[in-house]
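First the structure, which I've put down as structure tokens, then a few questions once you've had a look.
Chain nomenclature is as follows: A, B, C and D, assigned in order of appearance, with residue numbering initiated at 1 for each chain independently.
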Amino acid sequence: MSVRFRLLLLIASTIILLPAVVVLALGMPAFGAHPLPYGDAINRDAPGQRHISNMVSAVNFDYRGFDTMGEEFMLVTAVTGAVMLLRGTRGESPGAEPEEVPGRSVQPAGEAIVLICRLMLPVSLLFGIYVVLHATATPGGGFQGGVIIASAVLLLYLGDGYRVWRSIVRSRLLHLCEGGAAAAFVLTGLVPMLLGHAFLENILPTGQFRDMLAGWLMQIENLAVAFAVAGGFAMLFLEFLEETRAPKGEE
Amino acid sequence: MTAAMLPPLPVALPMLIAAVLLTLAHVWPRRVPDTIAALTALAVTSIGLLLLLRAAGGPITYWFGQWEPRDGVVLGISFQVDQVGAAMVTLIGILFTGSFVFAWGFFDEVHAVFHVLMLMFMAALSGFCLTHDLFNMFVWFEVMSVAAFALTAYRLEASALEAGLNFTVTNSLASFFMLAGIALIYSIGGTLDFSALAGVVGRSGGNPVILASFCLLLAGLLIKAAMVPFQLWLADAHALAPSPVCVIFSGAMVTLGLYGASKLAWQVFGSDPVIRAGAQHVMLAMGVASTIVGGVMCVTQRHVKRLLAFSTISHTGIMLIGCSIFTAQGQAGTVLYMLGHGLVKGALFMTAGILLATCGGIDEIGLRGLGRQIRPAGIAMAGGGLLLAGAPVGLMQHGTTLIETAAAAAGRGWVAGVMILGGALTGGAVLRVTGRIFLGLGALPGEEDRSPTEAEQEASDRPLWLMLTPCASLLALSLAAPSSVETFALRAITPFIGAPAASLQSPPAASSHDYLPWLTVMLALLIAAYDLSRQHLPGMLIAAADASFRPLHALLEAWHSGLVGDYVAWIVFGLALVAGCITWLAIV
Amino acid sequence: MIDLLPWLVTAWLMAVGLYGIVTSRNYVHLIGCLTVVQSATYVLLLAIGYRWNAGPPIFYDHPPGTPAVDPVVQALVLTDIVVGATVSALLLALALQLHKKKGSLDPEALRPMR
Amino acid sequence: MTLLLAALFVLVAATGTGVVLSRDPVRQVMAIAAHGLGLTLLFLALQAPDVAFSELTVGTAAVPLLFLVVLASIRNDRKGQ
């Protein structure tokens, strides 16, 4: 079918949908001024029930922790799939020797860049860990912190180059991060259940309000997410960067 | 362990095992992941059966994290296990067990990626069946999609990658539609729990936001269920995924889209008369169109997996017709049909896998007569074809009877004709394949000669019995249905449709059209016989028949173009049609 | 005006993203358009959870009880953003492999089984 | 506040359109990052710092990076052939 035909279909759809969208926009509840019973109930009850100040984390890791478990596994599934696709025929063996792609000039990184990267690495790593740990108190948490940690590790590649990056970032370790974290998340559900409580019930003491480590079981789930996200994204960076190099011995 | 712990297990168990496999598979011997995965699937099957028994007294509600509703506000997520959901979990467990046994030794990579993805897939499908929370349903919908995307492209061949891309783009759109629908209904109701949402829908009837939410959710789920005009992605994905994966795609994933749609239509939106009337018309139209389009495309294919894929569209269309009646009887029939179809189609995809492994191909014309050494597989395929056509035995037939009776009671007796056509076309196509490959008939190919095909092969070092056992078991299970199953289904359906137990209907009187199943089987045999004996028929007749049929086939084949732009354009158009129809019915 | 704007922007992002997908001649570009459609759902969810003159649902600086916006939709979007990125990565991996096999990324040139 | 929100909504609509209309993949990566930045600002204004943070790390950094890497390796692929 030609592009013109497709556009005709789209125009026809627009003619049907446009009035519907207008009616819908007019019928939507008033922006910023309609009741939100679910959110209000959480905002009202959670500080007392869970002793933590970040309501988003309370929803993510407690009230709707089961959703987060699903999301974490979705992440692991997507990363596993992407890694499988990228490895493909290349196999898993890391190219110990960095291959150079013909026609692509490889300049050794300037000293300033190496220095900046080496300086930035611990700083951003610390920042990532800080963000992870403050999930229950202030904005932040395993999802955001995990991405920051994975990006921090990427600075190794930018600064010290492929060889160092490959020798430090091992895919087996990343698999362990991801899989172990995912298993830990399921266990935070299963262990309370085996002890006679509900799946994912927060049976540990919840700690002091506004304390960094408040909400114990939530902290464990948060850490599991952080490890899974950091491991997953690092794995993605690793395998995608591997793609920019020609397979060994193909020249 | 007590029985009260059962509901989360069909999800938690496969997830835990998948995570452990991901971490440890590379240090274990090769066959360990195979064993563990098959045992996990078996465990899920038994959990499903236990839930089925325990839900007999009424649905079991399980609140995660012990967040039971307080002061009428639902804070957490719950599973609600009724017998229908438990039966679906059992079906999923059985199909995965069969698939893992069938794929024994098939995938030889170090990291057991196949097993990890399949276990995640199983967890997501089970969670989707049991959940009672709209966003949680979306989460499981996404997890199953993501696992399916990766599994489709598993073979890493160009075609499989293209099919994977088309599948991913279309089904990602489906999940965006669903999420938008969830957001809309949340803006009105401020809750995500099915029961609480049903209350909201009941209170604010006719609200355009709720109407739009329903349209988006319905479109999203019907994209997954591959109903016309959302069906375009399915043939590519099913034709090119590895055969053990196809077993799950056709047997469980596609029909679960429909299961989700009917669950929402009953349990959340059921109290709104406008939505109900709109859904009846839209579902009926899409069901009839899918049955016919799927059937016609099925009978004109030569790539066996693609042929089976189109038969799935046709049969899912029949199920959608069953849903569209919106009575307890119609829904009970649909559920039985889903279970029976899952088992039969799973078995048929396994026979296709056997062909791929032993004959080194999947092209019907290229394989003519090559199946003579593997006669048992031929018997299984013929049996599956007869069941698809509607032979009067087994679960599918009980489902058909219920749907036909319900349709007649609702004054739509004519849909029986559509169902006969669908069954005859798809059953006839499978019988033709059987005759050509296993008996060497049909030297002169017909219209199917013009359909796309591709060379393909799967690991051939597996013993035949290992592949045949799960295939035969699935067929046997679909046949092992006592006649009381209809009464059982009618009783099980009441909590699913939210009807009070008092409205329980008496089991239907035996259908007055006892000849109908035989008519379908006769028609299917006729179609197969016509296609296989073309060289013996008068040339004039053949030429006339071809000339009248060819334009239709060409048109339909051009529609399934393999271009993602076309697919998405049709999805948008389909959404517009769904929204337009339902809005129109709301105004009138 | 501001009452309608969020919903119209959502619809616009969806529409323009879908238009991009339908007319795209490069899979990488198409994946970018898909992320635009996805961002529409985020805007919609967060707009629904917004409330005038309310703070973020984090009671670190304000005491609990001060008006705050809906934390539930934020939790839903937060997880979905990260996961959406990995799905994009999966799509990119598919596209990359396809380019290796076929040397093209034009959807018009790539049709399964043909 | 009203004006700021309105401006940010329009900005997001504009950057989203930009992503679709920039047909050159490399330029599109920039557009994606800009769209991510626009969304971040909007989410901040909508009182969702957690989400904004998430969008900032993912939408303006990680995803554009992956796009760039893919484009680079596709270029390599072309040269290799």
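Here, a residue touches a chain if its C-beta (ideal position, glycine included) is under 8 Å from a C-beta of that chain, and two chains touch if they have at least 3 such contacts.
Being a predicted model, the structure only gives us computed values, none of them experimental.
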{"item": "Higher-contact pair (C-beta pairs counted), A-D versus A-C", "value": "A-C"}
{"item": "Distance between the centres, which are taken as Cα means, of chain C and chain A, whole angstrom", "value": "15"}
{"item": "Gap in Å, rounded to a whole number, between the CA centres of chain D and chain B", "value": "37"}
{"item": "Approximate Å spacing (C-alpha centroids) for the pair chain B, chain C", "value": "28"}
{"item": "Shared-contact residues (touching 2 or more other chains) in chain B", "value": "135, 142, 146, 149-150, 153, 156, 161, 184, 186-187, 192, 561, 563, 565, 569, 572"}
{"item": "Shared interface positions of chain A, touching two or more other chains", "value": "3, 6, 10, 14, 24, 28, 36, 38-39, 42, 54, 56, 64, 67, 71, 74, 78, 81-83, 85, 88, 139, 141, 143, 147, 233, 236, 240, 243"}
{"item": "Numbers and ranges of chain C residues touching at least 2 other chains", "value": "2, 5-6, 18-19, 22-23, 40, 47, 49-50, 52, 56-58, 68-69, 72-74, 76, 78, 80-83, 87, 89-90, 92, 94-97"}
{"item": "All chain pairs that touch each other", "value": "A-B, A-C, A-D, B-C, C-D"}
{"item": "Chain A - residues contacting chain C, complex", "value": "3, 6-7, 10, 14, 21, 24-26, 28, 30-33, 36, 38-40, 42-44, 47-48, 53-56, 58-60, 64, 67-68, 71, 74-75, 78-79, 81-83, 85-86, 88, 137-139, 141, 143, 146-147, 210, 229, 232-233, 236, 239-240, 243"}
{"item": "Parts of chain A lying in touch with chain B, wherever the complex brings them together", "value": "1, 3, 6, 9-10, 12-14, 16-17, 20, 23-24, 27-29, 34-39, 41-42, 45, 62-67, 69-71, 73-74, 76-78, 80-85, 88-89, 92, 172, 175-176, 178-180, 182-183, 186-187, 189-190, 193-194, 197-202"}
{"item": "Parts of chain B lying in touch with chain C, wherever the complex brings them together", "value": "135, 142, 146, 149-150, 153, 156-166, 168-169, 172-173, 176, 179-180, 183-184, 186-187, 192, 236, 239-240, 303, 306, 452-454, 561-565, 568-569, 572"}
{"item": "Chain D partner contacts - residues on chain A that touch it in the complex", "value": "54, 56-57, 101-104, 131, 139-141, 143-144, 147-148, 150-151, 154, 233, 236-237, 240-241, 243-244, 246, 250"}
{"item": "Footprint of chain B on chain C - complex, ascending", "value": "10, 14, 18, 21-24, 27, 30, 34, 37-38, 40-41, 44-45, 48, 72-73, 76, 80, 83, 87, 90-91, 94-95, 97-98, 101-102, 107-108, 110-114"}
